[in-house]
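Listed below are the structures to be examined.
Each of the next two complexes has chain A plus one more chain, namely chain B in the first and chain C in the second.
So, the complex of A and B:
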């Protein structure tokens, strides 16, 4: 067991070996991380991976079965919710339907024995922060989903909590409003500098908003890193597969470097893996280059047959067949103009190059 | 860093308690005490009493043996089940047609008929019995229709029972008929299914849980009712009247306890079934079901209009006769109208009975509503699961299975127990209020939990994160949001407290006799006109409160609670 008492001096929030079991079911398994003050963190993962549970443990709405939680240097593991310092926004917003927008926002302030004018000023300030000043005396039922969401945000921020927790705050909204609110929430967070944790299963949301993303799977944190790191250097096959689109195939380490599968040999950096080791190879579709029939010599040039074509707006996705991989196994993304230029058609052949640096190798174990 | 030190010496695995947790803890203790005093200990005393003889020696099942060997008593079981069975069959058929008309046709004046179906709720069950005596008794208006049979006995009990349980059955079946998916009917129509076939393959099966549930509820209501057989039963003994006779007539508490337990058993079984069935009914309707909207059908709509009109006329005939009976000088010889029956110049009866009823009803409706809402809140809302809370939920469902008369007798034994420090409560309004709240606890508790369930699950979490105490959130949010349910509960409690007889008849003391009990006694001593007058006072009060209630509800929901409008 790790020493749970050493606190990281720079950490605002620190989790040490936090686990949560519901009966026999392990919703969280040994979660460790530290968050610095002012960071914007996203918990990202598929449905049911334990994001909400983790958030609720931090809020004290759920009790961890094992492990410790520290905030601002103090151990809050066993502190009840009402004694922890956070504001929270739920997916359902949980606005009080019988109170006006301003009463909702003032709900936590009234309790602080603030003077009436001070409360009024604070409410006005918050509502202008979330751009809702003209709706101050409406009831939640009279607002749109996006507006309700912002009221909930203002209410959570009213008491100036040290930590802001957001559980899928945007999932109930339509795409346009969602994109707008992403920017708005991030702007507010930047302005206030409040440490924020947001739960989402939308990778685009996480990519555009977070300073760091914690990718979760089956109760574990698979990887934590900046959006760039998560995308470009996924630490596990799960992350590689979950974030963006990824081609996967198994191959063995060839003698003298590179990997081989059937008659296909690919040059790449094999790290410390010994010859003959079976590995999982991963390549993003957009990293595969299509080249002219006679142009560009170099490593990893392959010929493939086009199985089918998908039009995806500004680019097209080719499903390619290679003797070594099977039909439709390899996907490659090509810009529209290039596709036109190369005159790609179903059944035709294409020449493509996989830059060695874009091939990532993972140990081929049974996935967790 | 004091927080670190303080929190680290807490035993791991348990979250610390905050103010709200302590509040909830106290409330749980309070409700545990409440249910112990108001239900569990009295019931325990009743059941154990049935195992002792008059001298207080433990005799095991000897009393039961004696009971089953006494032909007269044993006969009562058969009688009880006979009248309850026949009445239930009749009332379910009548109520189904009525509820069908209200929910599945385009009949005109639905609103009016909806209200008229509920009229019998405004009067005690014994009022129907009294009115029937005036219609069909020896000197009744329509006695010939009985072809020489007496209204006193099974015929009268069945007729009166049908009248007073009719609204309950309409409500229950109506709920089941209202919950239906139009898409089933559209599918049937697309397949060119005949109307009769649709009725038997879709309508009836769809409402089956509602029908089963209403059969059970009505059957038990009649089986355990006391007012009707007391007034119109004549020599036809049923279990409910046996309990009364054993206890009041012969002071045989032990035998009273035995009959009570025998009556308790079918009631408990029936309500256990009812709970299971009700749960199924809820699960049956998918969230995306499209409610059924009836299409006009000239013949059906007009037939149903005629039918509902007949039922309404019969309902009003009962109420009207009771009113007439209370005003006629000396039926059937002097039909002059007079108010003298309302002066109650009779030993043991008077306006104070009516005032007592009002006192009880108002207190029950105010205190009871609060207690019940709080109890439901404790069961439903706290974030931490705990065994005591689940226990409270279970106990809250029990009173429904306890017949009023049985509860009353249990209270009587409890309060008269020599070592009970609460003995001073005997015969007070307090004990009547307590027994009445307990008696009607389950239905209102379920209404309250349903309302609380519909609130966002995270309100409490939000409040805790904002450091607002539970008590404040309760008043500021829970109560306003649950206002419609609170009104429903309070009026339900008021009407039922005004009309109930069963528990109170064992518990009133000098000066606390209620109007419904007084009416029973007046009728018992042959003062039928005064009994009718007393029962009519209850009706007036119920109508008045119902009207005021409707006005306040409307005003509150539309003006004060503007947020409900979108």
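So, the complex of A and C:
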């Protein structure tokens, strides 16, 4: 997986073997990637996986223990923060409480030797960009969370940096404001074309905003790809488990293809795995089809008992018990109308089909 | 909060002990000490009749208060400047600055104030102020300017002495102020520095526009406290022949032999000045807090 240490001509930002240790603790382990100019990237992963640490290394707020960072063709590995070309929005915003909104935004421009009227015009432009023009002379303490977040964004964009770093900018906001700001941030990024890295632990946020998602786990990048690739072709059990909802069960490769577990045999593409190999099988709940009792007789048709039903708005989630799975349950998502049509009730039996193409196999070992 | 208002049995015991102690002291003073109070004699040192025109003019005690306030004011101004530099020096990125500031602070904290003041007084007076030629000031300036200077620094022929003593006091207080400044700057979240770094600003620039303004707000209460401490510490410069309240107290006590009364009066004067100042600070603080909301 280790990328070459040569500079990639097309890369705007390139990390080569970046690691970061805090004492004995390895917060980042051999991180490699390249980002093209203008891309919107999300670092996605559970709490404590090293997203902030990686962002801080790129910003120079943390010094990597190993590896190199290139930006715009130059090696910036050892450049101090103040000489790197980026704007950042911190998880806590870190606005200057003693300065007004306009002074906060103007602060980065002051040492660019810009004339006062030019600074004023630029601040006005930025504040109208983030829709805050009427709050220009307030102090950060007098603003709502969402407004503070937008001030932080305007401040980060003020110097027209080549790279915009956002550390969970929306996590402190309520769902409605969050959805609004998602679209707003993405729109601003599209308009300015600034290369952007956003940290988040919210997969929906990453899915809706990013060009590419870097899924992180325990200091490593598990997979990088478009939102589609990450969702439809998760490279590891961790990604499969972390993104969306996934059923996991173990089974062994059967004679003549497919997998078997107890009296359950499922047809699927087993790739190069030899007969008898134990594998982790993963199926998404929405890929499981419910069929009429006397419906078609395709492959992978199973009977199961309904353990419980969960109503989730436009669809219902069934928790299904199968003899072959023992204590494990299978989750299946069904549209509400279909559930009504099939007359599903707790304790009743259902017939379901798992399309072979939707079964993903991973080397055994529990998902991390 | 009602618990705080109620008396417990422990309070009764404590109050009983205090009353008993006071009664015992009163009994001793009355019955055994046979002390004849004479307040009139030391009290006349507040004001006296001018021999020329017969009007009332300030006497030693009032002059002493004025000089105490003068020494304290300049001591505070210089002490803040020294404390600010030393406090920032202690957290500087330059190791030399850190070493010098650390050495200074530790020196003051671990040496008794009287020897420290004597050393500084003679060092500053002889090595720094003498070459400046402060002696001739009263002849070199116009009478009007001289008047203003006199109001600010006291008699000009004693200017060198005054300056050396005040600077010595400021050097003593500066170490404590330095620790307050250091704690204040360190109390500002790291994110504020990081945000400034990310915007490409120099450390000095961030310090001036972001860090210090916030730190000053936080350290104002401890600094106010320290300024009251400084007024009390200013009694030490009486040893350097500065004729402030304590010095005057000594003079009066000796010349009248009314030690008890004189020192009670001097102590009361310190109390009035310091307590008055602390009330003013408390009021200012309340007003600032209100306006900030």
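The criterion applied here is as follows: the second predicted complex is superposed on the first by the 357 of 368 C-alpha atoms of A that agree within 3 Å, B and C clash if a C-alpha of one lies under 4 Å from a C-alpha of the other, contacts with A are read in each partner's own complex, and residues count from 1 in each chain.
The rule is simple: contacts are C-beta pairs under 8 Å (C-beta built on N, C-alpha and C of every residue); 3 or more make two chains touch, one makes a residue touch a chain.
Keep in mind it's a predicted model, so treat the numbers as computed, not measured.
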item: Room on chain A for both chain B and chain C (clash or fit); value: clash
item: Broader residue contact with chain A after superposition on the shared chain, chain B or chain C; value: B
item: Partner chain in contact with A:82 - chain B first, chain C second, else both or neither; value: both
item: Which superposed partner A:107 touches (first chain B, second chain C, both, neither); value: both
item: Which of chain B and chain C A:63 touches, first, second, both or neither; value: first
item: Touching partner for A:142 - first (chain B), second (chain C), both, neither; value: first
item: First, second, both or neither for A:22, with chain B first and chain C second; value: neither
item: Touched partner set for A:73, first chain B, second chain C, both or neither; value: first
item: Which superposed partner A:97 touches (first chain B, second chain C, both, neither); value: both
item: Touched partner set for A:311, first chain B, second chain C, both or neither; value: neither
item: Of the stretches 4-12, 76-84, 130-138 or 166-174 belonging to chain B, the one that collides with chain C; value: 130-138
item: Footprint overlap on chain A, where chain B in one structure and chain C in the other make contact; value: 59-61, 80-83, 86-88, 90, 92, 94, 96-99, 107-108, 110-111, 155-156, 158-159
item: Contact footprint of chain A on chain C as seen in their complex; value: 189, 191-192, 194-202, 205, 209-210, 213-214, 217
item: Chain A residues touching chain B - in the complex, by the definition given at the top; value: 59-61, 63, 65, 73-84, 86-88, 90, 92, 94, 96-100, 107-108, 110-112, 139-142, 155-156, 158-159, 161
item: Residues of chain B that touch chain A when the two form their complex; value: 1, 3-4, 7-8, 10, 12-21, 383, 456-459, 461-469, 472, 476-477, 480-481, 561-564, 566
item: Chain A residues touching chain C - in the complex, by the definition given at the top; value: 59-61, 80-83, 86-88, 90, 92, 94-99, 107-108, 110-111, 155-156, 158-159
